[in-house]
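Presented sequentially are two complexes of subunit A, the first with subunit B as partner and the second with subunit C.
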Partner chain A sequence: MSPVPARRDAVTELTARERATAVLDEGTFRELIDPFDLLTSPHLPLQGITAQSDDGAVVARGHIDGVPAVVLAIDGDFQGGGIGEINGAKIAGALELALVDAEAGRPIRPVLMLETGGIRLQEANLGLLAVAEIHAAIAALRRHVPVVGVITGKIGCYGGLGIAAGLCSDLIMTTEGRLALNGPEVVEQEAGVAELDASDRAAVWRYSGGRQRVDTGLADVLVADDTAVLRDAVQAVFRRGTKPDASCRSAQVELFAARLAAIDPDGVLDPAALPGLWSSVGSPGEERSA
Partner chain B sequence: MSIPQPARGAAWFTALSGVAADDAAFRGPHGTVASVLVADTELGDRPARVLATRPDPHNRWPRARHGELGLDEGWALAAAVRQVVAADAAASDRRTVVVVVDSPSQAYGYREEALAIHQALAAAVDAYSAARLAGHPVVALVVGNGISGAFLAHGLQANRILVLDDSAVTVQVMSRASTARVTRRTVAELEHIAARVPATADDGATFATLGAVHAIVPVRSADAPGTADAEVARAAVAEAAADALRRPPDLSVRLRSAGATQRRAPSIEVRRRLAAAWSS
Partner chain C sequence: METLEFTYSAAGQATRRARVGVVASGDLEILAVPRADDRATVRVTTSVDGFAAVWRDVLDGFFAGAALAVDVVIHDAGATPGTVALRLAQLKESATA
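Right after this comes the complex of A and B.
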């Protein structure tokens, strides 16, 4: 009789608080502004929506591989992980404090666990301002330390936080994770079903899923949906150290302009052909000189 | 299909820079991006680079022909801003970067998503942020639509944001009609909510009450700015740039404003509590 394989501990099944705990060293999780602080959205009840005690984001201090860390985990089950004023301020504010530490030479390891449809429409322009502040903090912080984005599944990462993922120095995804700007339903609504059939789930994963994003250099590490594997992957990124700012994807202007120039906008775009086509132009990390 | 807007971005680009839009299309190593306008000028005795976007009916990407920010726009803006940062890296004075904001939205398309429009817009965000951190005063002037991903990529990383005093200036995350569909409300219900929740209003004046806007710029004709309009706007941009140079290069000014104290008190309170609990 063969031994029963150990049950894998799926990250996608965890709550935001459990996901943050999973990437931190055991026993080090400490939540900042916990649900008992009752800092909830003042805007949702005015629109007939019940607020959630943590406003859908967990700020956790702790250690990663023995080094002080901060993990920001978005709860995709609350309002689709949408960014409003409170949860946006929690994420931006924590990154700003991490930047103060990094600038002072104090060790800090920031991790963003992104499960979000984008800006919470009920808080509209307050979400927009919060996301701009998240962007500013990531761009400044990654000059000092790796800023690690993790996209594991269920909701995926879209909208203004899709842009935030594009600013992270390092991105870890599972095959279940998706990364894009506009969700497939939004593209279908704006451009028509002939442009994109959002109900064709396989097609959606073919262009935006974790495997495709890693194969095209838009994310760095593909991991199994398993907490131990994810924790190891996060630790490995920090052990490799800080990427030069110019090697981060969003700074590789020449490379990506060349990659786009290699595409015929009138041709059929087969996502399966993209990894080969783009790797022949170059890969992130080896910026070509024009 | 959206109705093409009057090309306000191009008109104000010319008003601020003195350069005709057709002479200012961005030229990169892979060709011209006609929807991205770039010119160098002087504003308030400081050298400045003015950047704007406009509709290009011949855009090679069909989903970006009405002024949307798409793949080429994101990477071209990033290139044009990074040129300035590199050129001024050794200079004692860093050029002012002026961001003329008017775009209906980010581009919505299958090719856009498959070819990583999120990364293209991140490139523009990163370039403006890099300019700011390098000591360039970055000043955005919202002359028309400041919408969602397009505004995040081209405008919201500025040290200072100016908006024209004009009823057609719009700042929003999603159009009211689309928001109504997604949130399952009627447009009338949303208008009722906007009266009580200022963050959901979509006019420039209400956006300014949230504290992120440095000044509201008076204007006679927002569609066709004349000489007097241009002079007022140039002076406002120069003043905002001078103010930016006196403060840290981050976005903290947005939360220290009188508007934020009133309308973003929770954003400030969250940061206070985080700081108190940060180190145990």
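Right after this comes the complex of A and C.
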């Protein structure tokens, strides 16, 4: 974990727009399809829900360490950061344009700031389609350039975007951030309160919090909740350069299958024991630590 | 869902576009774009029906004190009149800073 500076400027307190500004070089933030374009969801009003001017996604261009960058920041305060047709298309379209740049040899640094419960259920089919496009774009893009995922909290990252986080070549989290496929309430509802008490915050963070995800190799860098520390961590990934695709997490199917096989499903699962157990089954890509 | 429209005469000049708030339960988002003439328009989209008179009261009060020539778009998710007034005050600060 990076050292905590004396005066902290918390990332978790920022809006999506402020978060995107925070990871870009000072004064370089420029928004595409901004709120004043009023590109809103056509599906929410039909279901009695007010739309938001940016549909909960910020597409920002600017520079990271002097190199052109695109930052996609999800607004977790609107509809829990759920991905629908419009905000999904904004993110997928930006990633696809970044891929065009990368394939043409033009420098581009993509960052996803993920605060989302996953698909927006009011427009689920179109949201799923967009998330599939986001997945495909990340998988293609990371062959050319690091694709950096950032999960700072307070919402966390779940569902189809949890998978997107897993596809990123590099994942940065704070201790406040959470990452999982199913959120705690869903786990409790499906598996029972004996499996997980969703109201037990400590238990939720023990299995899905940033520290556990980094300790078990499902995320790469744990940072303090501070904008300067986060900006440095993002820059450090891009300075290191592109990872071999085979060392990205989602390419290491055999390793993670072996790790799952090492867990005894009849026993009591102890989150604290998992890092030790899994490290004895090999470690993900040698370039994991940053 | 209900959409309400209001117009005001307004001499004061906004210096820039502004956006405040968020569409979340009990809150609202407000955008303002400066106009070149001496009018103001407000378009409210709200998830709560039947409060046109309350919206008029709150907006009348705002434009009586802050005569800003702006086009305003409001996306409301059930904010109380007090919250709306605070967001409008925040909007004026942002649009005239």
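Rule of thumb we're sticking to: the second predicted complex is superposed on the first by the 278 of 290 C-alpha atoms of A that agree within 3 Å, B and C clash if a C-alpha of one lies under 4 Å from a C-alpha of the other, contacts with A are read in each partner's own complex, and residues count from 1 in each chain.
Throughout what follows, a contact is a pair of C-beta atoms (placed from the backbone, for glycine too) under 8 Å apart; a residue touches a chain by one contact, two chains touch by 3 or more.
Source: prediction; values computed, not measured.
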For this session: Once the two structures are overlaid on subunit A, check if subunit B and subunit C clash or fit side by side.
Result: fit
Exercise. So, A:A94: does it touch subunit B (first), subunit C (second), both, or neither?
Worked result: first
Exercise. Touch check for A:V193: first (subunit B), second (subunit C), both, or neither?
Worked result: neither
Seminar exercise, completed: The answer to whether subunit B or subunit C touches more of subunit A is B
For this session: With the two complexes superposed on chain A, say which partner A:L218 touches: subunit B (first), subunit C (second), both, or neither.
Result: first
Exercise. In the superposed arrangement, does A:A273 touch subunit B (first), subunit C (second), both or neither?
Worked result: neither
For this session: Classify the contacts of A:T50 with the two partner chains as first (subunit B alone), second (subunit C alone), both, or neither.
Result: second
Exercise. Counting only touches as set out at the top, which of subunit B and subunit C does A:L38 meet: first, second, both, neither?
Worked result: second
Problem set entry | Which of subunit B and subunit C A:A228 touches, first, second, both or neither | neither
Problem set entry | Closest approach of subunit C to subunit B (Cα atoms, Å) | 13
Problem set entry | Touching both subunit B and subunit C, residues of subunit A | none
Exercise. Which residues of subunit C touch subunit A in their complex?
Worked result: 1, 17, 19, 22-24, 29, 31, 33, 45-47, 73, 75-77
For this session: Would you mind writing out the residues of subunit B in touch with subunit A in their complex?
Result: 28-31, 60-63, 71-72, 75-76, 78-79, 82, 106, 108-123, 125-127, 129-130, 133, 148-149, 151-153, 156-157, 171-174, 178-179, 181-183, 193, 196-197, 199-202, 207, 210, 212, 250-251, 254, 264, 266-267, 269-271, 273-275, 277-278, 280
For this session: Using the touch definition up top, name the residues of subunit A that touch subunit B in the complex.
Result: 30, 32-33, 37, 39, 42-43, 46-47, 59, 61, 85-86, 88-90, 93-94, 96-97, 119, 121-133, 135-136, 139-140, 159-160, 162-167, 179-182, 184, 186-187, 189-191, 195-196, 207-208, 216, 218, 245, 248-254, 256-258, 260-261, 263, 265, 269, 271, 274, 290
For this session: Spell out the part of subunit A that touches subunit C in their complex, as residue ranges.
Result: 15, 35-36, 38, 45, 48-53, 75, 77-79
